[in-house]
Amino acid sequence: MKKIYALEERCLGCRLCEVYCKTAHSKSKNIIKAHKEEDIESAIFIEEIISEKQISYFALQCRHCADPQCVKACISGAMYKDDDGIVKNDKKKCVSCLSCILVCPFGAIKLGKDGKTVSKCDLCVDYGKSLCVEKCPNNAIELLEEHYKKEI
Amino acid sequence: MSLDFNVPSFEVIRNEKKCIQCKVCIHQCSNMVHVYDEEDAVVYSNNNKCVNCHRCVTLCPTEALLIREYPLEFRKNTNWTRQAIKEIYKQAQSGGVLLSSMGTPKTFPIYWDKLLLNASQVTNPSIDPLREPMETKIFIGRKPNKLDFDNEGKLVTVMPPQVELNVPIMFSAMSYGSISKNAHEALARAATELGTCYNTGEGGLNKAFYKYGKNTIVQVASGRFGVHKEYLNAGVAIEIKIGQGAKPGIGGHLPGKKVGEDVSATRMIPIGSDAISPAPHHDIYSIEDLRQLIFSLKETTRYSKPIFVKIAAVHNAAAIASGIARAGADAIVIDGLRGGTGAAPTRIRDNVGIPIELALASIDQRLNEEGIRNSVSLIVAGSIRNSSDIVKAIALGADAVYIGSAALIALGCHMCHSCSTGKCNWGIATQEPFLVKRLNPEIMYKRLVNLITAWNHEIQEMLGGMGINAVDSLRGNRLMLRGIGLNAKELQILGVKHAGE
Amino acid sequence: MLNEGEVRIPSGCAISGIIDRTGCRFNGNDIIKSITLMHERSNGLGGGFAAYGIYPEYKNFYALHIFYDDFNIKTETDKLLFQYFDIAKDEAIPTQRLSTITNQPIIWRYFVVPKTSQLQDKRISDNDFIFNCVMKINKDYNGAYVFSSGKNMGAFKGVGYPEDIGKFYMLETYEAYMWTAHGRFPTNTPGWWGGAHPFTLLDWSVVHNGEISSYDTNRRFVEMSGYICNLQTDTEVITYLFDLLIRKHKLPINKAIQILVAPFWSEIEKLGNTIKNDLKCLRSVYSSALINGPFSIIVGCNNGMIALNDRIKLRPLIAATKGSKVYVSSEESAIRIICNNPEKIWAPKGGEPVIVLLEKEQI
Amino acid sequence: MRYLIVGNSAAGINAASEIRTKDSVSSITMISKDTFNTYGRPLISYYLNNKIKPEDIYYHNKDFYIKHDIKVLLNSEVKEIDIKRKKILFCTKTKHNNDILVYDKLLIAIGSNPILPSIAGLDYNYTNVFTFLSYEDSIKLKSSITRTSKVVILGAGLIGLKVAEGLAEQVKNVTVIDLSDRIMSSNLDQASANIIQKHMENHNIKFQLKSSITNVNNTHNLVTEVILSTGDIIACDILIIAIGVLPNLNLAYKAGLKVNKGIIVNEYLQTSNEDIYAAGDCVESVDLLSNKKSVFALWTSAANQGKIAGENMSQGNHSKFLSEFAMNAISFFGMHILSAGVVNTNLQNIQSVTMKCQSNQLCRLNILNNNLVGFIMINENKRAGIYTALIRNKTQLSSLAYDITNHQNSNVGFNVYSTTERKRLLDLANIKI
């Protein structure tokens, strides 16, 4: 299975991934409308590593774990791993109990801005392509086979 | 601090309808032009800090940004231009020498644009490079006058060392220090993939890059930074840098703030110390001194590597080149007036030297007349912008060209002329880790490969059009050139006829 | 309009050549017949022949064939010649008047050897001495043009169709072991006798069909070795290249061919190390001697004949053998008309030379 | 191979799924006394106040059972396990006679039963007395309430409060009675309990803490009033008993399997009989934090155990169930509470760091000897998963790149780990544990 990998040594912390994640998950699919008219939580987000010498960054989103805690924690069956191994959240079934947020060891699931469902990376399967990967200006986010062993 | 008379050079225009306040521009600008105002929830811009490097414009996801020249009008005066006035304000404020980066912006004639190429029609078929072989391989190095074979047909002449290039294009000297490690890696990897060479510049060679040795030219300049025996043997050729087109007669200066741990180790100088290359080599005060250096380098490398000598194109370039050839150099590099630099005094950059086209034509002619043209390779640099510039340079007599600025532009340089600040937003002319990161060698070396591959295709197309299927037959083939809008003297120096003749 | 030497004139052509490798001589009828067949490949602005073995009685003398515009320049040139050379004989080259041949110059031949004193003074070989003289006359003696300067051979050329030139010079009266011929189709020249092919230097003669695109590169290269390209023609520069590589640099013919029509790098890469290295050296040292653009040429010299095409065969060249004779020509028909049932007839590949050496040297 | 799974909640269904992914041919039968296919048990309160539609309560749709060839026997209560002959005796509600099923591997995942205290005057057969553990309970309760219902709930734990929330807007009044001094005493500390209590009181729920029902008054087999230990009398026409649950041990005990607080299993979730596994709320496991044996009634834990038991049943004992600790995600009237591990700050040596404390928001971390051992978050969920992982992995807080107790480090997330640790954890995500 291909997963999104964020390569820390390349990440610039520009947060374009967040911008495009919101766009891909908006109703309008229009970048300006998505931001000005819709209120969406990004499913990918940049974390900072602050050291004395510099600030570096990495992008983080759902790892689509082989043994996903969130799926087991889900009380409604909304969170599931599909046949392709993608962990998805069925927004119709989600009751936003936050059990998944409680157990995700990466902190990769967030409460949606509407408060009614949770937001997480779905590899943009409905959009057709992982927009964060496509739009990352420095190839810091890549869609790679899961046993990719490059230094993060 | 008293009032600064200078008004901003650029104005940042933000289309509020399009701005989604994603703050990408804020995160990306190392000059801190963009600022987010929490209270009013808007992003505003400090025009006076903007260098117009286009980083924010390029990364803005909604095309909300535009940068234009600051629209303040100065009273029209051909003599006292905006530029002239601003420079005086600046110097009156700072008391210092004006510094500039990249090549001169002044309006010197660009002879490349006044030369036209020939193509075959009827009497001679043009050759389609997609269907027929089209050769661009060249060899840089001293060639013997003739080859001797014994009675059994065995070659008895000992060939001097040659650098084999698949394309007649190399990446010119840009030191690690003046440009980033990632930029160097991109150049090195691209050169390797293309089968050409990049040049270390005078900053030494980082240990990590020794593996690209087969595609590396190591430079020895007046500061001797990073020069040791292993370094000299690390590449395929050694270049002695006497001068640079952008600043003939001037040394170099890498500010201490760019000398971090790694640069310091590579250059073999203390961390944070200014790296100052003297104006002359203090062991070369004459042509015979140069000969000594050439041969001491040959000794060090056991005569296994060609020695290049690089000079700025100056008035007497032809005679100097002849002297260099006779001093034992295997290749002469001539860097023209419009060549780039990381930093040069503005007055030097804009006023010293001669255009590369004229220097090349007269040097090639001179070496021909002396019957020694074949014994030395000629490499030209300084303002090669595209494949037709290269074709014209070769037709004027060059063996190969060096590209510097063009390579950097491929890596993202937007010619903002601010290299000397060390805050290059594109990760090229900087040592700041968070900026260097922006130049991902993995992406960027491919862009260089693309550029040179594209140019090589174009060169092949142009060669084919002329009915030539090997670049060998273009060198010095000035019949393939015609001048346009040039006066008799210029035509004479260039050794070409006027269009229509 | 400008003549050859004042401007570079591209031209298309017909070429033909016959050699008897045993050295057996035959008259000019066949070569005229062959070139006549290719009438359509010329336009009447130039034709010519080279014949080898025609002056056995003067075979130790250089035969200088010279065009003079008038007798004044002849007188002036004669002064030089008599000063430098011992002259066994000099005479007008016999011609017959033809209505189709007009504006002919004074055409003279001299059988000469350099004066020993001259050679001692200059410390150079006979050949170099002749070479220098030819260069001097052609450059400095306006109105005089040496168009043939080899031993036991001669060029016969002029403005007109080649068949007329052949008749004009009465080539049926000469006997040679090798003939080459040329019919010319220049695109814009008033036609000048000196500009016709073959171009010769010493015993080299070259007839050529084509327009080489490497001209200026080749010219600069030979000029570095003292050659002066007066005519600015391809034939001239090709002749000089042969002279430079084979006579001056003493390269074996096959090496010279590998320089002039070098194998492609892609082919070289496939070869064994030694040959690969040799070819790399040849190509890099002599890269300016690579002849580029379309051409087919027949080069004659006292050792024999070389017929050659450009690397990708952009001009026609056919070869055939029958008995001791070898034929080369632009067209197959031009061979068949003088050679019934050739034993072998083929189209040499681009860059693949046809080299025919005499079985025993004639000089 | 014949797999038989007794019970069809979190543990049972996950076991069935897991077995099917490992073994595509053998028969899998789930047997349950429940009337419905597996549903999200915690959702029964959402059903109560119409937050979800009845069809959305199901954990899987019907196609799931067909697609995975899982046979389900509902309304069937297992009476007896014959471990020698490897068969079970069960009784189906509609048929009223006993049937037999044989198995090769058996899973007991029958969960727990509500605790029913004996109270003077109270008969659990009264039709206005309810428990709240199943979908059936929820349906029954929902059909019994009216606009004028006066509801009394005994027990201010998770279940009691969820019922209270579910009913508050549909009935006249709701009173919650608990012996403890605070609501949700096992999940919350005093401060957080106060916030929640106040919040619930704002939604029309009354609390009677530090009290119990001493007896009830009834008329015509219906409860009419409850009398508290405080002497207060509260009118009541719906009484809900929600003081807790006990593991359902009878079946195992009768079959001769070892039991203690729950069914005793080894780390592979195997009972004292090698062909019988047990998982879920009926099983006794080790508390990660106290190292004591205890029984967790947690959906996540049950699901996890079911999965592991399923794998071990089909593959042999490969997969271990590691120790567990309490955690909970729950919300009342839009106020989210996330808690895990040790919440009782009165314990010795616990250092409690309050990161945030407002009238409707709280974040408190409990630290013991350089380890995070518990936290409570109200209306705050940032980093909750990270904290949970820190507890689970017993990560030394001093090894982290950031001090998680420093209020300034508001940007802490996964970056709390060092680069190498992040890499290790990211790689781990690809591996089934």
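Each chain gets a letter, A, B, C and D, in the order it is written, and its residues are counted from 1.
The definition used in the following text is that contacts are C-beta pairs under 8 Å (C-beta built on N, C-alpha and C of every residue); 3 or more make two chains touch, one makes a residue touch a chain.
Keep in mind the model is a prediction, meaning the values are calculated, not measured.
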Open item on the list: Of the pairs A-B and A-D, which shows more C-beta pairs in contact?
Closed with: A-D
TODO: Averaging each chain's C-alpha atoms to get its centre, pick out the one most distant from chain B.
DONE: D
Task: Identity of the most central chain, Cα criterion - done: B
- [ ] Please compute the C-alpha centroid of chain A, do the same for chain B, then give the distance between them in whole Å.
- [x] 43
TODO: Express in whole angstrom the distance between the two chain centres, defined as the mean CA positions of chain A and chain C.
DONE: 79
TODO: Express in whole angstrom the distance between the two chain centres, defined as the mean CA positions of chain A and chain D.
DONE: 29
Open item on the list: On a C-alpha centroid basis, what's the spacing between chain B and chain C, in Å?
Closed with: 47
Open item on the list: With touch defined as at the top, which chains are paired up in contact here?
Closed with: A-B, A-D, B-C
Open item on the list: Quick check: in the complex, which residue numbers of chain B touch chain C?
Closed with: 120, 123-125, 127, 132-133, 135, 137-139, 141, 143-144, 146-149, 153, 155, 157, 159, 162, 164, 368, 371, 373-374, 466-470, 472-480
Task: Residues of chain D that touch chain A when the two form their complex - done: 14, 40-43, 46, 51-52, 56, 58-60, 299-300, 303-304, 307, 327-331, 334, 336, 338, 340, 381-386, 388-389, 392, 401, 411, 413-415, 419, 422-423, 425-427, 429-433
TODO: Could you pull out which chain A residues touch chain D in their complex?
DONE: 3, 8, 45, 47-49, 58, 60, 63-67, 69, 72-73, 75-77, 92-93, 95-99, 101-111, 115, 146-147, 149, 151-152
Open item on the list: Considering only the defined contacts, which chain C positions touch chain B in the complex?
Closed with: 8, 10-12, 187, 210-211, 213-218, 220-221, 223-225, 248-252, 254-255, 262, 264-266, 277-278, 280-288, 290-294, 311-312, 314
TODO: Sort out for me which residues of chain A touch chain B in the complex.
DONE: 9-16, 18-20, 31-32, 35-36, 53-56, 135, 137-140
